[in-house]
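For clarity, chains are labelled A, B, C and D in written order, and residue numbers in each chain start from 1.
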């Protein structure tokens, strides 16, 4: 019941906060709007994490003496609500920048509005490459959008890198089925998988895209079993609980490996009644993993304050506030165009690694640079109710463990 | 192999549909109410079971009990907060009560759904299953939970059948579904029949919700689709006909499963919808409805 | 026309006051309030179109979003495919036309049945459209939603004026129609189909017209809204929950009044936004208020303004 | 006005209407000339309303021809028939509640055209003229809900004449009207005759329309039984048998034989309104313990309404006392449990349940043994039910269903049994079985019976006392042997 009380508490906080904002805006505060999905696993960490960052900055005297104020909007996971929230944030609440959503569809709907209303927007969790491809197509209008999370194609590359080290090399796996949900972010992800999996020696024997409304995954797992692959490479975010639970209850003997956004959340064990045991998932950070010196202090502070662990979008949202603050400092004010210029020059070590945006002229301007020296990502596995990092080696705290029902063909050979 | 797979998988899903629709059609049969908060009550029961078993750590049995009780409580709340005030209202013309009950139960469903999302977030939950593991049936690896689901569904439907056909109270309920006025004339208070029926409905919907939560998982997003599927099954079978609903549940369940296996999971619900349109057009009273 | 009794004139003055406020608003209100009202006005047209079908023709349409969705998506897809080779206004008209065609296609089977069966047929239409949009993702953008390259304008007050004029004009037409001979015949056939037939009225023909008119305005409003938001998605145009909101708006405002439906829509959207600081509780509270109004003031806002006494 | 003066405007030939296996109208043929008023009469279930609806096209005839001015109407939808010149004055109407009387009349004047967005200028004048003609001039701006019942009927009449029909069908023209209102209406209908319109009046008995009609056609069980001038039809043997039955036998016990000083059931000045229509007016009657009382009256006279008031199914003014105590505000189920059991005209059986289950439900309040005893006694009373025990109630024949309904009511061990129209639509053989059963009840039990009937032959032999209900009022009370002399003429 903890989450219920927790929600009541944050609800009350939100009300109090909303009431408090009225007199507070008299000061020359910097306002950052947060448009997020309060009721979704990944989205619910965004606002608290941003709040935490703002409080830390304010405790150290703010940005050039100006306090940061976070204004939160719940978008109910809806593009229409988000557009309305964005309009309200800019026109009514006069925010200086917006941190928006983990859903690519929402960000894609907001992107032109950020351009139309000339307001800096950064997404802490959306993944679609299209967001940055759009910027390349119409830089002058869309330059206000920054992609604060990995693009899908980068994610695909990271998953392949991990698969090579964790599956192909030690277990001689040879074939894979891609299972991903039908959504904006998975189109480039799947394309990335299709390209990089064969390169590391995993033959793609089938490729299944399913509707995010799917509730019964039995036919899907069945089809996959029929294909006899060594591993299921996942690309799921909106769905999570149901495929995981049914994977376990049907004892599908093939490991799941890849992107499973909901699995990054610490409550996922309870949501699935432990069915997530043995699932591999990519993340930019994980509990107990000191990706950078800032990672663990953030997680501790978050856990102390809110009683649970942040989702992946929580880490990035926390960093985003710092980056926006820096940009304002560098720009010497809150003029949008100057903030954009300053953001483009960001070189910041945050909780998930070193953040540098790709420049104008790149096919994906304003996307994060990845790879050695920048952001490498992690591969974690749920083991006994804990998220254990197993890749890359230098950050690993444990090693692969297989649930009993997984039958490794290579091992049997 | 695929044939058996479809047969076994479809059986469990259909049993779940049947259980969900039975309560829905019972309420319609006896009191003429189309309860559009049906899906919300199912999800409410499932989430309560989840919260009790996983969050509070009470274990699967106590969790299921809490879920069933929640189902009954929500069912009574639906009756006393929305249906009865409208039925007894003098401000609403008789002819318009139907649309009012539809609107009010819809709103009530949204209220439950939002309350669930607020208290427990809207990510999907799975109720701690009572049985675990898999067994091989006819060469098909089947989760024990799936067999358990089908068994409990049919047990509940069978129990309902027994209660309705073998007890005085049950027969009175059955009689009321055919002819409420006849029941009044025999000195049986309709109001107490309604209470019985809503209690039975709560039990059925609650059980169906919990089983769904164990089998596939639920979230507050499931509310609308669950109501819509119960509504379609009941209309397909003929409004108020329990046996019609059972058969329709199997028609829809197998049609969906076969489509998911043989065509693509993405097209799962389309043939069932097409069938519904055809039936509406050719036989508006449903497959087994008289009238 | 004789002077109306006092309660009706109270309604009139409230309406006039609301109109005046709406006219003066762009001078004072922020872009945000205008943006909110823009959405509310389009929703108002949805609700008024629904009321024409339910209140006057007596048919409970569970699928208003079928008509809206067809209009919105047709317009959106045309623009997404052919832009900039096509004018948005042509797209909007095509959307309305497509909605009319869809309305006729839906009405032909739906009008054969009545009561819950009619409701279900319309509901199924929505589910089919939803499935189609998801399956034909190449064309429609699927679950992701359709990004529309053009918008009418990004100027908040221009958008406000477009929506306001559109609502006023469609409201006037729908209201006029409801009071016109056709509206009277529709009401008569809704009340007593047999008698309407015996008076020489072709009931089916008139209901079909109601369907077409309802479809036209729903589709037009849907198409306009697409070019206001710059995006079309199942969640904002087709989903059953959108339809539910429209029905609730119409019943909340007062059935069979056309104007009430608009009031209900503005209230629902406005309250939802006003309560937004409460976060997740907003929808819950709005639903509770709506339920109370329906239970205790079945004639809705218009009924309340009339002073509760039904003439 | 006599027939043959001009060619008939309406010619109905061999009209037949079947509902599944039931033949509601069988080979009916008749014609009406312009300026003629034909009364179509028959007891409830005789098929007269179905015949009327078939002419209007509300029901689609199964066979036969209906020609208006030589044009075939059979099979056309009703709006087309209306446009060809047929109008129907409905008995119950649902006028537009938000519109005024004038606007309601205007609706009827509208053409069935979609291009017609504004009413014609002369519509208003026409509507006012029609209103003035039917006597609604004083209430033009009122809403229908505020009108008196007679004015609502006038409104129906106004709507029907708005289209200048060549043939006017009038359903129960005088139901629920006072004597002076009946006179007004008769005058309005006579005006149709003067204008050369053909009129078909549909009613229960000859008497109510005799003053108005040129000719009467009597129907029974879907078939033509007599036709001619009102007086001739009244004298017709078949008609008399249908309405009054054969020789009236009576085995009445005098009221003084019943020793209870206060009658067990007292109905005092009871009135009931359906909306604006008065269904019961100032009705008083009483029944002694053990007495068999028949309430005779035609369909629509108010019998069922009275029984429903007693059973608590309907709000009423006045007082109904049971064993000296008022029944109000008991719920219908409470009243049934207190010993007043109604066996309604509609039988209200549980069609999808077996005969046995129906009976068991009747005995729901009894203990197992008592229930079995009562069941045995009833199987003895209606042996056929024993044989049909496991059969579904809806598959029984009409007579068996009626027996089941009575038996189910008796399972409740009633003190007062209210039987509403038990003979409705039953074959003579069955009537005998029912008769014998009632005789046995009278002889062997202490049960009190209140029997509502339009079939006088059935009602009188079982009655100790008779009340006649006509147009919502009790018009006669007395022993059965005086009925023929004092009340029978009134009844035809």
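In this text, a residue touches a chain if its C-beta (ideal position, glycine included) is under 8 Å from a C-beta of that chain, and two chains touch if they have at least 3 such contacts.
Only a predicted model underlies this, so the values are computations on that prediction, with no experimental measurement involved.
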## Note on the structure
Overlap of the subunit C and subunit D neighbour lists contains B
### Summary
Maximum distance between Cα centroids and subunit C occurs for chain D
### Summary
Note: of the two pairs B-D and B-C, more contacts are counted for B-C
### Query
So what's the Cα centroid distance for subunit B and subunit D, whole Å?
43
### Message
Please tell me the distance, in whole Å, between the geometric centres of subunit A and subunit D computed from their C-alpha atoms.
### Response
75
### Message
Nearest whole angstrom, what separates the Cα centre of subunit B from the Cα centre of subunit C?
### Response
31
#### Entry: Centroid distance [mean C-alpha coordinates] between subunit C and subunit A, Å
37
### Message
Which positions in subunit A are in touch with at least two other chains?
### Response
7, 11, 39, 182, 211, 213
### Message
Could you pull out the residues of subunit D that touch at least 2 other chains?
### Response
none
### Query
Which subunit B residues reach two or more other chains?
117-118, 266
### Query
All pairs of touching chains?
A-B, A-C, B-C, B-D, C-D
### Query
Once bound in the complex, which stretches of subunit B touch subunit A?
5, 9, 13, 51, 54-56, 117-129, 132-134, 141-143, 145-146, 215-217, 219-220, 222, 225, 257, 260-261, 265-266, 268
### Message
For the complex, give me every residue of subunit D touching subunit C.
### Response
56-58, 77-79, 82-83, 87-88, 90, 93-96, 98-99, 103, 106-108, 110, 112, 114, 116-119, 141, 143, 159, 162-163
### Query
What residues of subunit D sit close enough to touch subunit B in their complex?
311, 313, 331-334, 336-337, 341-344, 348-353, 357, 360-362, 364-365, 408-409, 412
### Summary
Note: in the complex, subunit C contacts subunit B through residues 54, 60, 109, 112-113, 115-117, 119-121, 123-124, 127-128, 131, 134-135, 239-241, 244, 247-248, 251, 255, 280-281, 283-284, 287-288, 290-291, 294-295, 297-299
### Task
Using the touch definition up top, name the residues of subunit C that touch subunit D in the complex.
2, 176-177, 180-182, 184-185, 187-188, 191-192, 194-203, 205-206, 209, 256, 311
